Amino acid sequence: MAKSKYEYVKKFERNDSLLPNTWLVIRVDGRGFHKFSDKHGFVKPNDQKALELMNKCAENVMNDFHDIVLAYGQSDEYSFVLKKECSLYDRRETKIVSTTVSLFTSNYVFNWNKYFPDKELLYPPSFDGRVVQYPDDNNLRDYLSWRQTDCHINNLYNTCFWALVHSGKTETEAENVLRGTVSSEKNELLYSQFNINYNKLPEMYRKGSVIIRQEAEINTINQKGIDVTRKKNIVTVSHEDIIRDEFWKKNNSKLGLKF
Amino acid sequence: MAKSKYEYVKKFERNDSLLPNTWLVIRVDGRGFHKFSDKHGFVKPNDQKALELMNKCAENVMNDFHDIVLAYGQSDEYSFVLKKECSLYDRRETKIVSTTVSLFTSNYVFNWNKYFPDKELLYPPSFDGRVVQYPDDNNLRDYLSWRQTDCHINNLYNTCFWALVHSGKTETEAENVLRGTVSSEKNELLYSQFNINYNKLPEMYRKGSVIIRQEAEINTINQKGIDVTRKKNIVTVSHEDIIRDEFWKKNNSKLGLKF
Amino acid sequence: MAKSKYEYVKKFERNDSLLPNTWLVIRVDGRGFHKFSDKHGFVKPNDQKALELMNKCAENVMNDFHDIVLAYGQSDEYSFVLKKECSLYDRRETKIVSTTVSLFTSNYVFNWNKYFPDKELLYPPSFDGRVVQYPDDNNLRDYLSWRQTDCHINNLYNTCFWALVHSGKTETEAENVLRGTVSSEKNELLYSQFNINYNKLPEMYRKGSVIIRQEAEINTINQKGIDVTRKKNIVTVSHEDIIRDEFWKKNNSKLGLKF
Amino acid sequence: MAKSKYEYVKKFERNDSLLPNTWLVIRVDGRGFHKFSDKHGFVKPNDQKALELMNKCAENVMNDFHDIVLAYGQSDEYSFVLKKECSLYDRRETKIVSTTVSLFTSNYVFNWNKYFPDKELLYPPSFDGRVVQYPDDNNLRDYLSWRQTDCHINNLYNTCFWALVHSGKTETEAENVLRGTVSSEKNELLYSQFNINYNKLPEMYRKGSVIIRQEAEINTINQKGIDVTRKKNIVTVSHEDIIRDEFWKKNNSKLGLKF
């Protein structure tokens, strides 16, 4: 049983350490979530509980990996931003991405019942993951703008699409109505036909969810048994605009970005 | 909301396709499973139910990914062998590994209650994953021999260790007794002190679990409503020796190996 | 002058070791050789001296790197096959490819005068290089067949093209004549219009050049001053067919291939 | 002769594009230059002509690749800095490094006679190359500081070593004298024993060579046959300190750096 005789096979493992001093973005994506959301009767175009479950998973991932400074989620995807100096697992790509995806997935199944107490999970859902390196603060910010723009474009389309379908159109008819329309026409359609003011819809649907650590005051009892208030960084979900400057002006220094 | 303005950030994604015509081995490993098994009161040195849950997860991964021709598991790890011609996700490394790990994890949490109906899952477990490429059938077989040898060495050690601890020794005392002992001495210790014949212990503990597709006869009802027997390939768990030639002689052609 | 303060920059170097146990093929290609051959008045379609210079460079590269078991060249390119077990520079990709290309280039300029004693080298030529990994003997052989087929197709075309041009056609007219013709038509054109039997043209032009080490008897004087004959492996150029089985049957065992 | 039958082998080529928006540094290093400099009787510790030949090669590489904004050389090595936005060869690593090394090597052999008219080149020299990516301007500057510090440390040592050897010491004796000495002791040794003021030695030896494009006025004759003065960017060698701020203050904007 000479173990050493076989151990040479370890030499086939590749060193896949990522470049130092770059922002790392891990994006987790639902695998086959179109079918998954159908089977589980998710509300269309947005299922609030399903989005809150995604946020919960992301919060727990952030609580486990302290090098994640920001997470942004929409629909069935979540992006995690690891700070430039991150040395987690020696920056080994597959180690980082596989662990993150696993933790996210695990939380999704584990917490399902809390968000859908009356709905049985019919089969185990899964996610894929990827890592992208961004050398520059501007590249990182543009990445996040790209995802939030994607959220906006898809959500506006889906809101129209499902309004049409819920009003009696077939899916094909709804597609035909929307083909070639620009944003202003979609807004107009929602307002004139369905009396929906798109900008009044919940921000979580229109802008997705941003999670960063915010300082909060925590009431606790100290070692002497006395009530005290302590400041602590808590992962906090909001639904802000992360394309415009305002968010970044507020949070740059905290996140380690230079603009 | 010019999406195109930001889309350049996609160019930072790396093409990580693996080399064609090599065996791909994905190994999934429990993350922090020492603590996890303690917290959940796993029987030591082997918890039958926990191992069966691992096997269940691996079976479901194989049922989802048809390019996996063989899986081998022991302790809190599982290796999946994808055939050389596998073109799953264009052989993109992080896509393959992240999806596999996610599916494995999801099954673990999803099926927990079936294997531990009386034990609550206290927190979401996670796994990491890696991919190794093996150009040659012999390299692949040596990889599997390496893992099964590892299973044997660890299990023999752990069986002694826990026998000593269960008999009243501290963990440190048990370690001291075992330090420097060879296999024959450990076998002797089990037999003389604890009346345990190591070779009579369950094969799943001593050899781990091998999963391949085996042809099986399935009784079913055909379109005319008549009972028929059909042959079908079913993923099947066994606990065979995969170091010696016998297993390979039996299964080579099925697995696409040349020896 | 704290050196250590800056040495962290070495961490940005990537480990680019290639997979063990795969054939490595380095292909060196002339950069801008269309212009280079024009400026230096190379005979068209084939300049014997220029091809011999390429062969000389390849021989010297093989004499320097003993892990190269075979080289194949045609036109302004040369492919070098490193044996599977090659551990040159720990199989680091850029180290291997850069050194090989450098040595090839250096030999080209260094030996120019020997092949073109009456022709001044007008400016320094350059080459690029790449490495491809082949896990399987058949993949490697197919690679070489691909290059020799390329040689055949290009040479047949060029032989026709330049025969037409030398006979007074413009380059555009020659292209038009050849557009859409198959091999047999090109052979016929050469024979009927120019009385050229393509298969009688020099093998170096039609098949390119293959270099392997062949055992040869070397006459030398031993330490006692006596004439002796020693067997030695000498890099040897030939112009054989490497697509058909014959070459491989003769040389398989020597090259470490299994067919 | 079905070419397509074999063309699948191209699929084994890996896409090795480097990350966008990072500084790329290519370092070219002499291979076996200790022996090469001995065989060709280079003056020790510094051969002015050999260094000038290196500079000439680097200038020509810069004239060929316009994306190189700065080059730094010392001893038998040269580093080339490609600007962040460089899209040369789609940033493919082996293509970039192999071409650069080839061009450098070619120039070395091609120009040998101009620098050593009385010295025959005995055999073809070669160089290796590597690429390193630097995401940040500070990382890049630290890289260059690292190389210039290396130049200083080695040159001070070598100046002492060869002064001792030229004065009659064996190489081993010289090593023993210098073991454990710090910079100030080496300076003192040169001054007291050999009357050498280290800081008065040629800057090229002490600081290496920096090449950037400088605007120069070129006298030329225009299309009307009239003498005119035109401004043009010309690659220019100097021997400045590139560790201190001064050089960067002068050249930052030109080089595209932000400090």
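Per-chain numbering from 1; labels A, B, C and D assigned in written order.
In this section, contacts are C-beta pairs under 8 Å (C-beta built on N, C-alpha and C of every residue); 3 or more make two chains touch, one makes a residue touch a chain.
Chain identities (UniProt): A, B, C, D = tRNA(His) guanylyltransferase.
Computed from a prediction, not measured in an experiment: that's the story for all the values here.
Undergrad: I want to compare two interfaces, B-D and A-D. Which one has more contacting C-beta pairs?
TA: Looking at B-D and A-D side by side, A-D shows more C-beta contacts.
Undergrad: Report back the single chain whose CA centre is most distant from the CA centre of chain A.
TA: C
Undergrad: How many angstrom lie between the centres of chain A and chain B, each centre taken as the mean Cα position?
TA: The separation of the two C-alpha centroids amounts to 30 Å.
Undergrad: In whole angstrom, what separates the CA-based centres of chain A and chain D?
TA: 47
Undergrad: Which integer distance in Å separates the CA centroid of chain B from that of chain D?
TA: 52
Undergrad: Touching at least two other chains at once: which residues of chain C meet that condition?
TA: 12, 14, 19-21, 133, 139, in rising order.
Undergrad: Which residues of chain C touch chain B once you look at their complex with the stated criterion?
TA: 19-22, 133, 135-136, 139
Undergrad: Would you mind writing out the residues of chain A in touch with chain B in their complex?
TA: 1-3, 5-10, 12-14, 16, 31, 60, 93-95, 97-99, 101-111, 121, 123-134, 139, 142-143, 145-146, 149-150, 152-153, 183
Undergrad: Over in the complex, which chain B residues touch chain D? Could you list them?
TA: 11-12, 14-15, 17, 19-21
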